Amino acid sequence: MQVNEYKPLIVAFCCNWCSYAGADLAGNNRLAYPADVKIIRVPCSCRVNPMFILRAFQRGADGVIICGCHPGDCHYTSGNYFTRRRMAALFSMLDFLGIEKERTRVEWVSAAEGAKFAATMNDFVQTVTALGQNKRLEDLRCKK
Amino acid sequence: MQKITREQLIQKASELLENGTVSAVLGWGIGEFDYDVTPTVFSTVEELKNGFVFNDFCGANFSKYLVKKTDKIEGKILVFLKPCDTYSFNQLLTEHRFDREKVYAVGIPCEGMADIAKVKAISGDGIAAIGSDGDKLVVTTLYADEPVVIAAKDVLAERCINCKSKKHVAYDELMGEEGEVIESNRFDEVARLEAMTADERFAFWQNELSRCIRCNACRDACPACTCEKCVFDNPNSGVENKSPANEFEEKLFHIIRAYHVAGRCTDCGECSRVCPQNIPLHLLNRKFIKDMNDFYGEYQAGAEVGGRAPLVDYTTEDLEPGEVFDRGDNNA
Amino acid sequence: MNNINDTLIPKIGVITDVRIDTPDIKTFRVVTPDGKKAFDHKPGQCAMLSVPGVGEAMFSITSSPTNEEFMEFSIKKCGCVTDWLHQAEPGQQITIRGPYGKPFPVDDVFAGKDLLFIAGGVGLAPLRSVINYCRHYRDRYGKIDIVYGSRSKDDLLDYKEIIEEWATDDGVNVHLTIDNPQEGWDGHVGFVPTFVKELGFDTNKVAVLCGPPIMIKFTLDGLCEIGFDKTNVYTTLELRMKCGVGKCGRCNVGAKYVCKDGPVFRCDELEELPSEY
Amino acid sequence: MRKCSLDKINLLFKEIAKNAELYLPQDQTDGSATYKKWEEGSVWSNVLNTVRSPKDFFFPQTEDLMAFKTEGKNIEVIDTRKALDDFVIFGVRACDVKSFDILDRVFLSEPVDSFYALRRSHGVIISLACGKPSETCFCKTFGINPAEPTGDISAWKNDTDIFFEANTQKGKDLLEKLIDLTEECDDTAVVEQKAKIDAIMNKLPLKDLKTDAFGGGKTAELFNAPEWDELSGACLGCGTCTFVCPTCQCYDIKDFNTGNGVIRFRCWDSCMYSDFTKMAHGNNRLTQKERFRQRFMHKLVYYPENNDGLFSCVGCGRCLVKCPISMNIVKVMKKIGGKKR
């Protein structure tokens, strides 16, 4: 079937202290998640500037997910609280511009939650696969 | 028609100049026609008499000029502030962008400013003169035999139709009476868009943003955009592309522009006023304001000096980014 | 479409040699992929070098036109393109287009005259091309004096060539100076403008100036003081350029475009232009 | 001279569009107009002029110059220029037609800009006389007559008909193709129309604006005029005036890294921007005053000096309408030109 052939490109920004370790744990535990997820390690989820997300879409990402420590567990005390507000505002704006809201997500994954990391990624990839290619925030120059 | 007259303002400014309170006046300078006014610094009474103007087309928000002008001038500068300008004034003070001690702010009442494009849409092009008669504008054109009489309320600028406040939140001296914060319908248009389907919204913005010529007027006029070096001018930012090369660039620029002022935007409407392509940019800003009001409680940027904007604040109980859609979408 | 040449479309150039001149200046040797010189030029002209994805910038051609094999560019590290070039290794390809600008009037005005070259820092780069041209056609010119100054001994560009070749030529006098005293330096210490005045040249010669704007300003004043006429003094300007052919509209000083009407200007011409350079 | 009834104008458009892409001013949702490609059902706008000038057709805001592929130390230059179809621009006003002459002198002078030249050679311009000039019009100042627009074909419109007169071979060829939809006529109606326009021109508020104080060779006189401070005082440094201007031609060349290669493109630039002349080691126009002065000195002094006295302004009035702070070339000319020095 045609549908199954489409593999979305997912960019996952993972916080160094929790989610990146969570991804590591998922790997160590042999928990499978799609190889189309490209992980970018950031010192804290609040390092992710809205521009990063838009640029990821520009460069061909079909979905962008930001993973950080659970609220209250931030290595820098309050970073992820800011992430929460910033991304809420940004996602709402993207939705306002008619860009599919399902393409962006924030998820809290701790260093111990390897299974949650794998499950989250599987679920996100599935959601984005159902949406198909990112057409509304694409830069055709980058698709040649 | 404005309640306060040019003569009253000149008199006030002259007094303050002559008694040494201020050394310069930031006001509206007369133009070629009756509607094109230029922000001008006057330093003598003579200059005021020859060049100062106040009418229904004095829309420019002077707050941002204070950042540069207070640097240059010895002594205080007099600035006339309409109610909406005072919010920007406070916001800039919150961000320490100019020295309050160097400014003498006079609050002036405002009955809403006219949009010349709306005037021309009614009167036709070729305007010879615009006079006023009570709450009407009398427009003489090159092509109509009789002057066209237009009710001032029919040609109000969009931001004035949805005026959020007639109250001055900052001044050293107030001319006229203190107004009230108004229960406006300014979020209606945002709500109307929110109620559309994603496809409709996408089509709407695609059409609006496709007109962008990336002149940066929205950014350069914005009293919240006072960065010394804008990310869009920084050759190392990777987004300094200068031109709306394609649809992505258009969206990127406008999302980031609006995002950078989110929480700090006082909704003064300068961005839409100056846009040569009439893109309703204020809707992007209002969406952020509306969202933050909904998510984190009512907040008006610039209502007071030192307010803590929602995006630089947090509570442990904030809603999750994924939850915003369950609330906002389609039921606003 | 490919048969129409456009000046904006560059050729490929290969860096065949990188010479470290000073801590922040390197000299790059550039040829085409088939080993030839990319184009002919005249002394004082410039070329647009670019690194795809990084940017394009105008550089003066340092090598003499009499060199038929390759071109050289002495480049100081100070921006995106130059930073990138400084980490490039031999074999690296870049793009090159040119030549641009008006050259020094070496074949008419300079002919038969005594010449005085005054340079500061990397300002020697554009002059090296003229100096070597004049040395090559030695019998066409009179006495040649070269005054060159830099911050320190290590910052003197082409030091080896200056000492071993220029200083040993007949009728060529080299005067070097550095800004501050330094161990191992027994030459002159002091700034170029004062050094020029101290040396006190006779004035029936043509002077060519190049260096930082402040040096040019004071040296020109100094030359006038010792009796030089501005019509006998030449200098080169540098402004931001994009097209190189007088169309993109940014390198103008008054009605003159530096890329097209310059970069070489006679000082009396320069005086008529607004002070926007 | 040939005429066509306005009732049949859409048939005429359809006929032109058979052989070439046809662009004409069409209304946008915000009430302004822009040049759009004609398709079945397109409606010709009634506005006097478009917000964006038709310079876009020959000198687009963004255009790719070439592409690069890099592999290791090697670079390949890829010529991305494509063949172009013929196109027709309909309804260009006299001022905008003149702007093409001004751009030609820049882009078609040696070395010829092949990108511009190619577009120029494929475009046919049908101009249109201005029936109702606006108060912001001052084309007459620069010797342009809105009743006598040039271009490949000149057109005039009255209440019932549109009249055509070919000026060039390209224009004659096009009119030839429209022979079935147009009929031969004398110039009575056009003469009448011209007289009407002349009468209006004498009523325009800017009719007495003069260029006497400007022109080549005035640099020394005007460059240090004290008025520049005051004039530039309110300038925001945005690029609106330069981007809506039909004669502004400054551009930037930039590289865009697509991830798979590099596209080198050219885009409009504005002398009003702070980074316009910024170099690695400094900037020779540090304040907005210098940038502001550059724009007007270029239009009124530098350009005429290099181009036989031709001013680089056509009086279209776009900057008068669009400047956020209403500072414009008219105010500059009156203030700087009105002073005895």
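As written, the chain order gives the labels A, B, C and D, with residue 1 at the start of each chain.
Just so it is clear, a residue touches a chain if its C-beta (ideal position, glycine included) is under 8 Å from a C-beta of that chain, and two chains touch if they have at least 3 such contacts.
It should be emphasised that the depicted structure is a prediction, and the values quoted were computed from it without experimental measurement.
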{"item": "Pair sharing more residue contacts (C-beta pairs) when B-D is set against A-D", "value": "B-D"}
{"item": "Identifier of the chain whose CA centre is least distant from the whole-structure CA centre", "value": "D"}
{"item": "Between subunit D and subunit B, distance of the C-alpha-averaged centres to the nearest whole Å", "value": "30"}
{"item": "Subunit A and subunit C, separation of their C-alpha mean positions in angstrom", "value": "53"}
{"item": "Between subunit D and subunit A, distance of the C-alpha-averaged centres to the nearest whole Å", "value": "46"}
{"item": "Rounded Å distance between subunit A and subunit B, as computed from the means of their C-alpha atoms", "value": "37"}
{"item": "Per-residue overlap in subunit D, given as positions that touch at least 2 other chains", "value": "252, 254, 256, 269"}
{"item": "Subunit A residues counted as touching two or more neighbouring chains", "value": "139, 141"}
{"item": "Contacts with two or more other chains, residues of subunit C listed in rising order", "value": "80"}
{"item": "Residues on subunit A engaged by subunit D in the complex (per definition of touch)", "value": "59-60, 139, 141-142, 144"}
{"item": "Residues of subunit A that touch subunit B when the two form their complex", "value": "50-51, 54-55, 57-58, 71-72, 78, 81-82, 84-101, 105-106, 136-141"}
{"item": "Interfacial residue positions of subunit B with respect to subunit D in the complex", "value": "29, 31-33, 36-41, 60, 65, 117, 121, 125-128, 142-143, 207-208, 211, 213-217, 219-221, 233, 235, 241-245, 273-274, 276-279"}
{"item": "In the complex, subunit B residues that touch subunit A", "value": "190, 193-194, 198-206, 231, 237-239, 245-246, 248-249, 251-252, 255-256, 258-259, 262, 284, 287-288, 291-292, 295-296, 310-316, 318-325, 328-329"}
{"item": "Sites on subunit D touched by subunit B in the complex", "value": "28-32, 34, 48, 51-52, 61-62, 132-136, 200, 203-206, 230, 233-234, 236-240, 242-244, 252, 254, 256, 265, 267-270, 273-275, 320, 322, 324-327, 330-331, 334"}
